[in-house]
Amino acid sequence: MLDESTQGVFTIAATPFLPDGALDFDSIDRMVDAYIEKGANGLTILGMMGEAGKLSAAESVSVVQRVTSRCTVPVVVGVSAPGFAAMTALSNEAMDAGAAGVMVAPPMGLQTDAQIVSYFHNTADALGDIPFVLQDFPLATGVQISPSVILKIAEDCPTCVMLKHEDWPGLEKITTLRNASDTGSRRISILCGNGGMYLVEELLRGADGAMTGFGYPEMMRQVLGTYKTGDLDRARDIFDAYLPMIRYEAQPGLGLAIRKHSLVRQGIIQHSTLRKPGPALTPATIAEIDALAARQNRRLSDLGL
Amino acid sequence: MLDESTQGVFTIAATPFLPDGALDFDSIDRMVDAYIEKGANGLTILGMMGEAGKLSAAESVSVVQRVTSRCTVPVVVGVSAPGFAAMTALSNEAMDAGAAGVMVAPPMGLQTDAQIVSYFHNTADALGDIPFVLQDFPLATGVQISPSVILKIAEDCPTCVMLKHEDWPGLEKITTLRNASDTGSRRISILCGNGGMYLVEELLRGADGAMTGFGYPEMMRQVLGTYKTGDLDRARDIFDAYLPMIRYEAQPGLGLAIRKHSLVRQGIIQHSTLRKPGPALTPATIAEIDALAARQNRRLSDLGL
Amino acid sequence: MLDESTQGVFTIAATPFLPDGALDFDSIDRMVDAYIEKGANGLTILGMMGEAGKLSAAESVSVVQRVTSRCTVPVVVGVSAPGFAAMTALSNEAMDAGAAGVMVAPPMGLQTDAQIVSYFHNTADALGDIPFVLQDFPLATGVQISPSVILKIAEDCPTCVMLKHEDWPGLEKITTLRNASDTGSRRISILCGNGGMYLVEELLRGADGAMTGFGYPEMMRQVLGTYKTGDLDRARDIFDAYLPMIRYEAQPGLGLAIRKHSLVRQGIIQHSTLRKPGPALTPATIAEIDALAARQNRRLSDLGL
Amino acid sequence: MLDESTQGVFTIAATPFLPDGALDFDSIDRMVDAYIEKGANGLTILGMMGEAGKLSAAESVSVVQRVTSRCTVPVVVGVSAPGFAAMTALSNEAMDAGAAGVMVAPPMGLQTDAQIVSYFHNTADALGDIPFVLQDFPLATGVQISPSVILKIAEDCPTCVMLKHEDWPGLEKITTLRNASDTGSRRISILCGNGGMYLVEELLRGADGAMTGFGYPEMMRQVLGTYKTGDLDRARDIFDAYLPMIRYEAQPGLGLAIRKHSLVRQGIIQHSTLRKPGPALTPATIAEIDALAARQNRRLSDLGL
């Protein structure tokens, strides 16, 4: 079970589809194996990048069951939903299938501190004893969560064990939260998203690891592992080798298509299909990705990777 | 089946709950009967005011089946969902259960004309031959739909048979759409929402009726029926008698709780329970509703109603 | 000078233009006289409905000077601006010209409680000893201000002497603020906007009056005056007589054009011109306004007004 | 005068302040000289990053006059304003002072294609024969502008001579616009912003240069100059050397403070002061910037720069 001391790399998994849009279960198996092989300490499925919103309730359950039955590391399941009935239904299915916890982003439209706190109080009530990750991703949700609100939720809700941090800018937020837990506030785990764009700085500020799905998922393991050896300069060198691609993948609305393209190129999934509505990559974009991948390979090779 | 010539009053149905939050099927039956008795030509269920987002997928299906099995007038089912898989799953269940059509609001975040048109193209593709209502409710969705976009969707998608109009201000939009259909654009049905706040003017501009759920649902029938007799001044008199309450119910986020309170007061449903997150009415609010209801009764009585 | 005990009717003044868009100073004079004659205890100029954003800095100053030189009741000047330099410049000009205080709405984009509090701390610092009104109008600004935030601002900033209340729904907010001031929080004045749509209920909840610009400005005086005599039923009768027009004027983006049309019809200003971007009324809209005005006259006449 | 054939690097200038918040005219002079020396083909002042919204009208004019009197390359002046009166007033002052053109971003709140087109029609009318840049920056304005809308504005408004492109993702938009101008649409200049984050790809898609204010402004000149020599790989090498800092500066709301810190470190301006509301850099942030700068120096040195 997920808890406050969780750390490392939780890879955000894509949801693979066949060209006709049906779920691609073979690719799910292959992808789970590949993520673990490339250093994942856990997987997160049915997040925003997992096209969770595009699955029917029955499909969501079948993805959860397929992943958990294959996966040898903890699995976190995104269960964000417009209402608590759907959230609870999926959460219970997920835990029954062996998930380690669930992840909840606040719904669009929440604004005041009190509204956000109240939403997560209700979430914790609805989830009972299921441990959950608070996803803080204002660029996608439009909801700005103050550090004091996160601390209050952590204080009030013992089952809130982790922050998925992807506020932008968000480095000071990590520092504020860590300073607070150093002086008595409840300390929860912080894993960082945003495609890894600020990974080194996030670690320097006190994050416990990464929860993101960059298309070359070994990056998170390599950077984190090197960082932990104390060789900060080499951790930055590795990060910088991936950065042009991280930046390219960071394009909102386009990032998942780019990521799936990269996963196909590496043989991790079979098809780069996205469900509608979703962009198709143009030849110009594909050429750009491939050029960046070639340069990335050269730089990693120069680093002995 | 719903089509372009549909007119009259489609009452937006609440979803009744027991005090513990479970679905209240007995009240569903009673409510369906009451709406029809008070003049509904059709019902619309699982809309925003039906707390659709707070039901699990299985609950939504059970509400649809209960209503359609009881109801003797056409039923429209709200199927708005973050993705097309969930939308299609519910739509198919609804049509199998005997619904006359479905209703789709655009998801938050759509902005450009092209994005909106594309979304409804995809919707029409996903729904196949199921007739659908385009719900245009910017105050709730944040999506502004130009008249030219509505006309294009109507032109491109033969299964788009109705506009649920609740833009605000929206009177000129009705005029623009009706002028366009008078000069060759495809004419679809326009039923108006917004709690009835501009009902008389909407009829004057060319609307075909109302689709809203004001807590005294006979209002829509009385105003529309009187309007059709040509006695505009009496139609306005009746409307004005209800207006203080219409206005009170128009309070966003609070309106549904007010409406359920009124339905309970009239014996139409058993409990005013809302699912979380939802406001509870304070004593001050209840006193205001009751004072307005008493005055409304007096004014209706003066009008011989 | 405006202070915490201010009450009554502060009429929001339009800014009259000549047909070519230039300021119409003759109409300013006439309008100031008319507002006072119709019962204004104060005027508020350069608010959102005063097209403040469409004036150059020099024009704003000239409007302030013209109004204050003519006006025999206190004048509040809207000074909302993207930055504090422009806000301070206009505020100083306003106070030099004899204004009683200024009004500040938070800029679009503020989200968390801390951001809002900080913004008004900065505002109070920038304004020095000038008394200011906090304008709480989420429908226009997108900024949701919790009661606890308003109380904190009132507590921290002695120069914040009034809330212009136009949250929607907002009745519980008034009750919460009044309960807080009854139990020790600093009590500031609350005048209500929103075109008067909930005026009677706002008074019942503890508001000190109205600050709005409904096109028949005697309404606020009549309702407030009758309310204070204790004849609540007659206050409601008067309110209800105006309500169809209040509702019609409440159409966002269109309301000011409707209001200016009404002011012209009553001879209060010469031209209904709005500066761009601003809607022009269609013949259908004008016919609707005129029909509502005729009915309003009849109902007021029935009431002996 | 700015026209459709303008290309190269237009550096977005900061507005330097003294520690007490007053304008720092000495730093303006030094900064203008430095930008030109580092390869600017033009300057853009009073943009969002120039804290334009925080200046009074009088201060804006004084900044324009100081820059234009010193500057030997064309100057574009940001004149975005809530209304056309303020926009026109500043534009006229700017052109009188010798500016080459002005830049206009759409105001928050515009949504439909028709609203955006209408806004720029009004803008062109208000500006008369002054050439203007359309700033397309949805992350800051919330306004999404479709390629077809840009093409229509370019077609309808001869004085719209340039697009400041900073949509994100925006590469396909450049391709769409260039394909359109290759097949008959009016071709206007496209200079790209976003801190240079996608500069190489933007050039590959057909952009004419950069209009951004990255804290090491020689970057834009070096990348563009090298790109034009045809040595794409070296252009990418140079870009990649700056990318960790470009990324760091891309943090919204924090970027300008980072940039001003970098400008101070290089002796280009005297103080890193921002006007309120604006963030102060923490020691942790400053340490991160300095670490990135040191690594950037080493990588540039490896490239012989």
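By letter and in written order, the chains are A, B, C and D; residue numbering begins at 1 in each of them.
The rule we apply is simple: contacts are C-beta pairs under 8 Å (C-beta built on N, C-alpha and C of every residue); 3 or more make two chains touch, one makes a residue touch a chain.
Remember, it's a predicted structure, so these values are computed and weren't measured experimentally.
Superposing the C-alpha atoms of chain A onto chain B requires a rotation of 180 degrees, rounded to the nearest 5.
In terms of C-beta pairs in contact, the better-connected of the chain pairs A-D and B-D is A-D. Farthest from chain D, judged by the mean position of CA atoms in each chain, is B. Taking the mean of the C-alpha atoms as each chain's centre, chain A and chain B sit 38 Å apart.
One inter-chain figure worth recording: chain A and chain D are separated by 33 Å, centre to centre, where each centre is the mean of the chain's CA atoms.
Between the Cα centres of chain B and chain D there is a gap of 47 Å. Contact with two or more other chains is made by no residue of chain A.
Only residues 111-115, 143-146, 148-149 of chain D touch chain B when the two sit together in their complex. Per the touch definition, chain A reaches chain B in the complex via residues 51, 53-59, 81-86, 88-89, 108-109, 118-119, 122, 126, 275-277. In the complex of the two chains, the chain D residues touching chain A come out as 168-169, 171-172, 175, 197-198, 201, 204-205, 236, 239-240, 243-244, 247-248, 251-254, 282, 284-285, 288, 295.
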